[in-house]
């Protein structure tokens, strides 16, 4: 970065470790701050160093305990603006309410838009996210939203495994377009599952599978998993259809202990995921491989501060970056 | 109410019982709705009946699990507006972040203003609260905020107890003005404690006491209590200064089990409070007397729908209303 | 409608005939207005009757000459608001920029959001559309957006044709979820094509087909067609795969003369579409069957004015409505 | 300019040649971009180089095909803001809707305000125009609007012609104040015509003429002409009243072919105008002399980037600038 | 009015008498309110009766002591909105800052736009004014602005005087268009003066006069006068050019004592004006005839409450109204 | 200051002398500007030098003639923004309407919020004030509000007087918290008066006094005084209770001549105050000692321009600053 004195990176409660990794990559010290959770549930935030005219990057993932993280985020933005920061860029590695992006039933809220309005009302100047659930969410914001992609990093790791006879499997039709991006990057075929989500309780059912998986090693790809349910169901069908090993790869993983146990018992050999959600449980399972995207966000910060183009980052990911993501 | 068909009252997760009481008082049926808490922490809301062109009153206290209640509130407002309600009046019996109304340290957020902005951005047309922590909070909103008062109900109850030689005690200087309102209503003297809050951890210390309490029965009054700490400290000093029985009376009570135990062990004979916070723990203590303010909010709704003056309600509280508050 | 005196329906330049049909169905007279296109390209609008405190419904499709229609729409909204209309509901049967709902390349505009912001800045109170290209577009608006569905009417017509051995064909993966809605309504199987759009020049290529069409009659369904290119390509593949007759059905049809000629020459037996776009060319082809959705919008207006639920309309479409759509 | 690396100048579809001239004057390369007009009429825009933290100047005249140009302008502004430009200054050499600046009849739109609101909603930070139809239009914007003046350039050209016995003629009372500015600059008398515009169809009628034109050479001045109708009518009356040669000079010329033919047949010897409207037709007539104002806008850009005062530019126009305007 | 119970008319400090006349015409009682001016200059306002869901009309002229009146107006709007009025229509008989509608010099404020923004920010729903200085000011507001016209009333009075050989005189070119409206209504010729305002100190100088006044009775018309300077100057020139009697007629009169003395000494026989400005001084001169426009505003209120067309009022002013304006 | 060329400090009509002192301290020249008060009461403002991309500090106290000062302030902000200033920081040494911060009666305006909204609507980027009447007023603004404190300067002066046996007296309970801050700084005891304000006419009555003053020198502290009434009343009681000398110290003094006379006649030995209000009357009394806070604001400007922390200023006030405040 050309001028490190102009920048300050702060962590919200849910992303302290993530910010540590970003700052380690950029070789700077995280901003000092204090958060206090009162007994009855409300939150107090305080910036503990001067941010006047600084470009502030504030990182808060909205995953587990989504509402606490979200409200804390709003307070931080307000605190930075009232402390005369020059700009406040909000980094949200996982944005839980991105899934709530439409009025698919009568008389429901479009919760992702409500969140976008609050973030802008609080005073954010820019937002950075990764692998957004639907691209239209950028349009819920008036302020610039930069959307990063994890697939080059994830596919880079897959390449390093040199799995023979690989096919990419999309667990449903909605993700097929993205799955093809993975397949094209890895130069392997795509297989598409066709399931239907019955209600909002997240239960779903695999219906059909388009493409051949017999004697192939299958890699199911998706943007997020809550319970591993979809992945495990797909893995069972893949096995039934003659697949060899079944891998799964998702950007955002919110697995709880129950999910972990089911993953252990499942046909899935390995679940590759990232650290966008601060989920201590995932370290408990040997089936899970975590690749950090913190260096990717760090690069994004560097590019923005250097006034360079973010989109060109993905044309040629620096080797160092890929290495950092695996090692940090 | 002149026309009940025009109105719908809905409950958020934290105020289901409170809405039941409001509707019982008004003799109408609560609006049908569904709330779903996903495993990872985010919330889904759905209105289950037509609200087109209705005047919607939505009740959600923001007390225990404040952030969940607050975010849910925003989603409900959005859902009502997108469902073409004519107006959305938000009733917030307890508003946890009202205390966070100033920048009393460098580089903190004015959280009550952040909340006000979000509530207005989501689309609320009016807000009703009771015994606001500071009157300036009305000015954080552009939309009308009606602030109700519990003291006539609470004092009505005290009168019915016919306690001899009563003095009203303000636990600190900040509440002295309000304490005098209670004293004037009950026509008894006021005594003022002078404590200082040392930091935001809510610990405080009684310093001095202005006024005579020897052989008097003391009633400490305050707007809210989290741990009963301030009340118990004041009670101890009152006893030291020769007071007979010590009562305490607060509008909003967020006592947890630890607080309840300390209350049981304390010099306080009885704690009189209301049901603004949905706190199942308070029923566990025999020292606690709860007076419902739901009928008061119900009267406010009736007055608003009848296009009458809300301020005149407090000139002469109807006898029926007072009775309902004690019995409902 | 309970009270016709409260309502006024006006037509923009691009929807004069559509409004005539709506008003015929509702048995009211369209609002009087004047539009003038100056030689150099700018537009003048004038309301020619009193609209003070009326509920105005203004209809303007944004299809052919999209920008003229869009800018005219903004001027009309402003004129109604400055003339003290009580509310302005904008009916946009086809919204051309709905397709531009994401930043799928670096440094492009999210044009649908820009349009939504302008419509709201001009003062619209509500928007009604039909078969929106993506459901997230409702979230680009803060004001209520009611999205109607044409499939019950279109499927009703298909049922009346009693085509044997019918399969529904989705021309690409993106529309598969919707196609299944048609199939489920008609109780027939679904076949999914998997094409990829290469660039924004609207050329695409069919890649694969999931499902069996041999000796079946195929009905390709989609939300809109500009050139019939996708439909004709799919029809050719369907024929190659052994399909009998191939029908196509789209809600919005913007076919120009070149498209019409290609349709005539193609494997498509019949194109069923609606009148959301005012396209005089479509009457030139015998292969095209038009079903009016004006009565559906008229019903929506009636429901809104009667303060009833719009979502329940689709549970049981009135018989009269279906008949009107075929005959008007 | 002190720092050319900080600035980027982009052209909209209607001002490509104008931007070429601005950039030639400033010796910089125009920004790379792509515009695509779809068959059905909608528009796609894409910035083709990095603009992060740049000061963007976007030029789009809104003249012929006004609505296409205006909507494209909105999309560009959005694209620049979402691409994190530091500021977006919109240069509108001719703003067609400036004439629509009042509610001179009941129930019409104030279209210039609608346009201003949309331009600001899309995110513009500043606007630069020239010879605005009415000065109040600056007040329709909250953002700074810099209004340039063409008369020093135009009068400079007139001076170089050394026309003897010259009088300046205002074609109506509304322009008299401006006409006197021209006359004062050239140090010649003013004559005022007094016509009345009967309706919005732009037909008007000369009524009277205040001042003597016998044996004088007359120069009619106005801000814009659509059909030359007003100018030709005035010229006829001037001839009747004994004027020698009649010249006309307008800043904005939107003449179509019919107007050009009538100009050729008229009493007007020469029409002096500028290149604010991209009108290829004007080159067809030998009676038309075009003076470029692109160098004037280029100077304005330079002054703004150098943080100097724009108003002082008109105190002493640089000689080089005047020369460039005649030669570019 | 169909329903008087729905409406409340309140007076600001500067329009107490004006509101008395409006209410007398409408046969209703003015709203009760209290205004208090503190010694140091700030203002306190209090509504003294229930306005919940009422349509409030608040009248405050902004003339003498313009800033006190303007700030008081903002506080009243806020008070009405916070008291849950259904709508707040602001009637501003004279709006002092309307003259400040453009940036006619570098680095000045467009004060009329600032005022418009503040009035809208405070919460006004509609504005009614009369004889606005420039029609573009309506475009400074987003909310509807109804502009009334005094000329039919004023000309009605002139007709009743039956002055022979009358000519209408416009004191400058800027008012010529309006002067012709008066002349056309009275069916007499127009004469136009051509003066130039030299600076913002309001001094001006008559230069020329277009039209014949010899042996005619002249009626100078204008929208407002501060010092009578322009009118007196024009009267002197008219006398020099052979005019008989010279009358003057302006809608808004802000004459101070010095102006009154100069009027007394001048060639002006009579100054006809209205009561839009609360100016006790004007009653001191016998040369001044005041015609009330309060009944005109009262009619406007009636029309708005009856949801009728305001523009049609001026097609045929009711006889009663004209009579009231002369007698009230 | 690191870079003085980037900054411009301008004075409004009410703070010309105050700005002279600020600029003297910073060793820069005040910005050139012109203000004109028209006879009828409205105000014209003009910036007389280039401010393009400058950081403008505009100083206007809102004390005597509060409304004139406030409206002028809005026009200045607009003028600076339309002149392309980079930022506009508004310094309001005394903000008269800060006292109007709540709805303490039914149907009044929250005037401080109205003012805050207007200041932000006009375009201010930051506000600096001193000793705000209530800290919640910062929350009425969305933009950063920096609140300075006068007590270190004032107490510094008191220290230099070396008054023996000093007690700090709070004139009412509301100011007790602040009074203790003074006492703690001077390391002396606090005495609290307990009065009640009966209505908004500013009359109040001392009721009781907590603490011992016999044979002590008393220093009454408050934030502002209009008439000295409260201070004189308290002084009388202090004398009755046996106090020796009685001093008074307030930040903001709006004393008129009547107040000055009463001060002269009163028990108060000396009134120490600052120059936040431009009050020429205060120089007439020998009992008044004025300490300038202009250097404090100058330091704040310097800190802001140097991007340093403002809160740390009060940890160790520079010696030079204290000296300047006494001497300037």
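Structure notes:
Every chain is named by a letter (A, B, C, D, E and F) in the order it is written, and numbering of its residues begins at 1.
Assume contacts are C-beta pairs under 8 Å (C-beta built on N, C-alpha and C of every residue); 3 or more make two chains touch, one makes a residue touch a chain.
Note that the coordinates shown come from a computational prediction; the quantities given were computed from them, not determined experimentally.
Fewest steps needed to get from subunit C to subunit F, stepping only to touching chains, is 2. The greater number of contacting C-beta pairs, out of the two interfaces E-F and A-D, is seen for E-F. Two copies of one sequence, subunit C and subunit D, touch each other mainly through matching residues, since over half of the numbers at the interface are common to both. With centres set at the average Cα position, the gap from subunit B to subunit E is 50 Å.
Centre-to-centre spacing of subunit B and subunit F amounts to 36 Å, using the average Cα coordinate of each chain.
Shared interface positions of subunit E, i.e. residues touching 2 or more other chains, are given as 82-83, 103, 106-107, 110, 113, 117, 138, 142, 145, 309-310.
Chain contacts in this assembly follow no simple pattern; the graph is neither a line, a ring, a star nor complete. The set of touching chain pairs reads A-B, A-C, A-D, A-F, B-C, B-E, B-F, C-D, C-E, D-E, D-F, E-F, using the touch definition from the header. Within the complex formed with subunit D, the residues of subunit C that make contact are 36, 38-48, 51, 63-68, 70-72, 74-76, 78-79, 82-83, 96-97, 100, 103, 105-111, 113-114, 117-118, 121-122, 200-202, 226-227, 254, 256. Within the complex formed with subunit C, the subunit E residues making contact are 126, 138, 142, 144-145, 304, 307-310, 312. Residue ranges of subunit C in contact with subunit E, taken from their complex: 50, 52-54, 81-84, 123.
Taken in their complex, subunit F has these residues touching subunit B: 101-104, 106-107, 110, 112-113, 117, 134-140, 142, 145, 147, 173-174, 176-177, 180, 192, 194, 196, 208, 210, 309-311.
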